[in-house]
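This is the structure, below, for whatever I ask next.
Chain lettering (A, B, C and D) follows the sequence in which the chains are written, and residue indices restart at 1 in each chain.
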């Protein structure tokens, strides 16, 4: 990539006004100067807008008469790269992996700026799906809280100097034979592993320890016991007709949620004649995203998992002719479940999110007895991303403490924040001779290290990945590094004494290892094709091995099983937004409402209503846990009694301004037990310790109040009568009368359909929408005042018993009603209907009466309460606590979408910019539009393919078929607003319950 | 274009220049003393204030360069001018030559390579000292001042004055009654109000509009020469207009396709073309000034209008082919856009995309309708342009 | 001329024409008392506070108010409707009572009309202020522009613009044409040579010619005929802001008459509040007698009863419609989180005015004053209940939320009260508070002197 | 124009009316009658025709209604037809409120302007004050002295005035202010 490549931006819609006092925050001048130059963009366009606003006032006319327009410049390339067309977006295939989540992606680059991440449909793992964290990762690129240059003891230095010093240290340690440790997260990049191997060979005194923030050590060890290999098998949830999950949040955070969501919904969709649906049973304490989607959810305490698994084992073993063991049975009657499982032999799946080796071993044996291996579980394509064995880390910390470690190199880990005994780690690292960290973002661990060698962000770097064995993908830079950073791999190469560039290393590695498998003629073609596709998946044999597990050591496990009173148990979990805390400094993620609790900008102690009543706790009260942790309480229907669920990933201390002091860090509550870190705690002491905490919750009412908002039916009812649960739609249709002639839509009539059966509530659409449409972040205080700005929201309702409710979800965006109540009331006609059935909103015409919002029955319109975006003409009134208007962060804005000013209404536009773009493409190519060509951001991000968009005028389109489906209905259709958004009823597979 | 060779005019202009210089030096006196003359940064520059003054005089022709020889400044302007001067301004030259050696400047002045320069500079015979003085003047010019800007007439004063007069008229009409004839009051009030209203309305509408905007560009690029005389196709340079949102300002390498050979222009000689070469060699982009600006909330795509709509460039940009300095021909107001959308026919039959409009398509095929206007297929929808 | 012997005199104290002039012009010709200075200071301080709050709102955005994504209108529009309602009494008194030949109106119509104008001005502040982009407020006028855009004539908010501005202008015309003869009186009374020309200018050259009087009278009568449906239309149109929407609790056909009677109800309450104080403070108790107060109280019973019936009808219709959203909306009003607002409204508007059935209470000035304050409060809460409780829990429970005003909103409301009273205080020092010419016209028939 | 008048002064409207009747009977040409408030029945006595102000108001109203309706219809069907909430372009019920308001507005303004113009009243109009008590409590009947300029006539009229019950008779110029 040549330097000139990013030289200039032909045109920018946003204006980058230089801000005062930001000199120190500005990234490395050289790199950014090439990206954009303040001089090149008009520096005071605000004045013009200001005058425009006051156009008709007397004084300004006089001013206007005496002032000039600001000069705007247009700066072309010196040498224009052939493949770049200014004003048109390019897409580069790449890979998102942060040590936890994986997605094969396309990066949308517009005039040199990556502005959006989209799923790569070619990937056989993610199939074009993404999740919220993947979508939001684009914003981290422009995070100000990154390490901007190499530093020694906090002082800026050059790469030469830091290399020299580190190599000296390494060599002296090597000479003395001292222990040096390389601490990394699980590495899925084969070429990185290659580079690290070289590095380890060059310094044989270095030991490689893998530390995963959220450990899967129990599973690795159990599989080692079962199959002799520390692996995490992959799953085919789509092949499972019965899924039994023990607290594995596989739709939200567990292992590979995007892939699992794709698989999960595949056999829950009732379209194209599909009549079958999987059945999902979830055992868990806290209401997880997965649990809230289950057909049946059983509340258990985390510690009860073992006894339940034991009982289940015995029940199945008894029927399948395997050895049974004597043990105490659990309180829950599992007979029917066991029967069901046996009925679905080979087509069922039992998974557990536990990090207890024994639990995982029991799960393995159950799956084995059910013959699921080879059918729904594949040990030949294991996941590579979790490799850490907790014992290793424990030993390491102990050694550090004892002063046995003379050097540490850390890559992609932040144990000072997320290691449970972080105090020990901190004391330990102080005793280590030299410590090197290769962080991307400002973090707690790097702050304590002698040497900071900042790594590129993945959008700036070359990389490759083998997330699942045999399925490779590539990661290519979409922008030149913004700061003075260096790929970690290159650091390793330098320390090994190699001058190679890492991209060359990847090429070499691929030439050696992947190219031969491809059958392509010529490496160049293969390489270009792989880069283009972003993936390389050599043909795999479809037959999966069906290993038999020797049932050894089970008696030992069963002897441990006993039911005792464990008191109050605390369950620690990752939530869908900030995950393990690595991306906590991302304002989009912080403002993402939790799919279950709808709380933003906080973690909290979720307790069951009964528990709260007994202790007279209310939402917003504070409780102390083990006298140490003070957390706000949330009464969460569906929470198991006597358990408290708390999300990890909050309470960062060293991060950017966004994550700082948001929530409480509960990693210290994780305890090491039975060799592995356990994410629950028994016998905790809980006391009320105050009240008055203000949650920023986007939805406070849980009940549908008996209104036909989300319509549902059981599978049985549906099979008997396809309109079941949706009888009202027919009724409304019958009475669909109008006094006057309806308007015609001569060309297109855009419509959207949401399958409530597919939508799991993962909220990827929310972030995708925010990224695509420049939706502002407003901060906790504003969300608490119900001023959130998301154009799409996911409504969540409970029904049934408050202690054990069923959960339903519904994404709601602008319904684009053909008889829109909002349009009638706008005094200035700023919102009206387009000839393509879109409820248009002209921001620049809006005067902000909010009448439209009042009159919207769906309440999908959003008002710019303050100047969130710095687009306002009045100065010094910006409300941007999360720094979204910093010059750097504004680079993420989509130049095709107006940045809305203070005082205007905005709302979902069906991604009109995408519609217009694709229409134009069709016109330029002299052809008709294809169905499915236009995909709004939400639909594109959806890993469940729950959202379908298309032309209702085309009878062959997918959307037309959805609209004529018996399950289709419109929200509040009895109001005769004629929405262009349809919903397909939710069907629950509760039929096989007896 | 207007090179003033008239000797009478010339001596007159000397007087004018002298007056301007002396005036400006008195005006800038206050600033001068605030900045110490012996600036340590410039102390190595051995040229003193006297020789600078001398160089300046030489440049403005106050020291004769020979009989009937126009001064440098008569072609190389230092003041603002409304007319296009193909010759590089003094600031332009200062920018290019202050960094070069005296010898180079002498070479260019005395033995120019270009045809045009040779013609114009014939007869000038500067000695080495004079060249050095002029060089010093250039260095000083380059460091000291920004190029002159178009003077701004301040309406604010008139505006306030009128308000005061109207107020006085009102007071006198009812209270003081100094003037007997009430018609006087009425005329003053009426005329004043009309003028104020007119200003307010006209100026308010004009806020954000740039009709007839014709800024001076960093390079005196003539569309008349390129597109008119030489007949270059618009799309040769603006080659992405048919497929991208922007028409694209050509990158320097596009210029170089021709200018690798064409090194001297008809009007400006070598000086302007050299700027491209410099930019290209130094890998520095040319910072053109954007003429056609739309507000941020307007989405305009050239691809839609030129690529799909098959509009001719001139329909919006005017006869660029006849413009030496491009100016904005239309006001680019929303009303102007709508007027066109309401009257323009769609490429309905030609483009297969429009088959989506089944009814219209059938009507056109059967001859019930002969054409379709943009407005009929949603050309006046808000979200055609605003999103 | 026949004079009913049963009726009590409308003007007490045996006035003659010049006594009337003297009594009414006295507050203008003499120096104001301490009470006046005290009053105007307090009210102008409130006005300044309000103006500061308004400035903050415009600078920072509507976010400074307590409104949110669910409740787009809070105190702002509540205050608008309240003020507009108050602004109904003046024109009602002068127009409709004129048409009905109610002579007692002459004593109160001037100040009631002034109150109307000031109230409409205060009301006008809110629709402007609640706009997110106040500087672009001129967009709501259909003026020719280079964008080729017009306004939306379907929008009730636009109808409001026309209705309120027409109402304001016509009221102003009505008030001012009525004032002209009185200003002429002032002109002839005032000796100060600086102030006299001002009154002279404002008197439009009135000389009292019989021909002018004749035209003036017939114009007043027809203006009254025009203003009468206007009064009814303004609040009808304001009510359409709600009635034409789809929100349960708003979407009600009963709104126009209900709002109009409510407006007259609250307007009379405000007139009473002001007049009871003013008659005392300005020594015009003989012009605004207990008889006047009683007459107004009778209108209050009538309109209050209509309002009460409207409330009950609404409840009945909600139940009878069988519409679950409608039913919930009204249930929620009475028993939801804002129950207190509903019951304040019910008590103040429905129960208290019924006490006026007792003649004693009706003629008790102090009691009337207290009730008028109650009604003012109650009618404010009526609008609050309609706007906030309908919006805060509408169709989709997912968007339900609560509304709490911020200090800024309170300050703005206080500010408009300040502006209102400041203007009223200025008014009573500048213009005659009782229509002298009209009172003189009825002095013979309704004065105390002729009765005895 | 400072016209001198002979004026008959009354302090009561009933006396004024009876006096005026006497004047009429005697055939005195009355230039003007100035009163502090409208005296009922004076029109009849003086023989004033019914004011046509109502008709001006009506014309104004019709004009207002027509322009409002035509303008709204033109905007929504010709100038910039917009699909607003699925309503037809010519949404007549929606146009009624604005039409009504403009009707009233135009009518009211037409009437007031007609009144002011016809009566030669208005901002900055010539202020003719015959006497400052007229706007207080005096009723004055004016007889133009120019038309009856002979001394005799003046005396005769004065006598007749006294006969008709005038409390005072004056010869006075109007003041111009």
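Heads up, the rule we're going with is that a contact is a pair of C-beta atoms (placed from the backbone, for glycine too) under 8 Å apart; a residue touches a chain by one contact, two chains touch by 3 or more.
What you see is a predicted model; the values in this text were computed from it and never measured.
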item	value
Centre-most chain, if every chain is reduced to its averaged C-alpha atoms	A
Comparison of A-D and C-D by number of C-beta pairs in contact, larger one	C-D
Inter-chain centre distance, chain A versus chain D - centres from mean C-alpha coordinates, in Å	79
Centre distance in Å when chain C and chain D are each reduced to the mean of their C-alpha atoms	29
Cα-centroid distance, chain B relative to chain C, in whole angstrom	59
Centre distance in Å when chain B and chain D are each reduced to the mean of their C-alpha atoms	64
Multi-chain contact residues (two or more partners), chain B	174, 205, 338
Residues of chain D engaged with two or more neighbouring chains	80, 82, 84-85, 87, 124
Numbers and ranges of chain A residues touching at least 2 other chains	56, 821, 823-824, 829, 832, 834-835, 845
Touching residues (chain side chain C, partner chain D) in the complex	16-18, 21, 142, 148-150, 152-154, 156, 158-159, 162-163, 166, 169-170, 173-174, 177, 180-181, 184-185, 187-189, 197, 200-219, 222-223, 226-227, 229-230, 233, 237, 240, 436-438, 440-441, 444
Chain A partner contacts - residues on chain C that touch it in the complex	58-63, 66-73, 127, 130-140, 149-152, 154-158, 161, 241, 244-247, 324-325, 328, 391, 393-401
Residues of chain A defined as touching chain B within the complex	4, 7-8, 10-11, 13-15, 39-40, 45, 48-49, 51-52, 55-56, 58, 60-69, 71-80, 85-88, 746-748, 830, 832, 834-836, 838, 840-845, 871, 896-899, 909, 912-913, 916, 919-920, 922-924, 926-929, 951, 953
Chain D - residues contacting chain A, complex	82-88
Chain B residues within the chain C interface of the complex	174-175, 205, 331, 333-336, 338-339
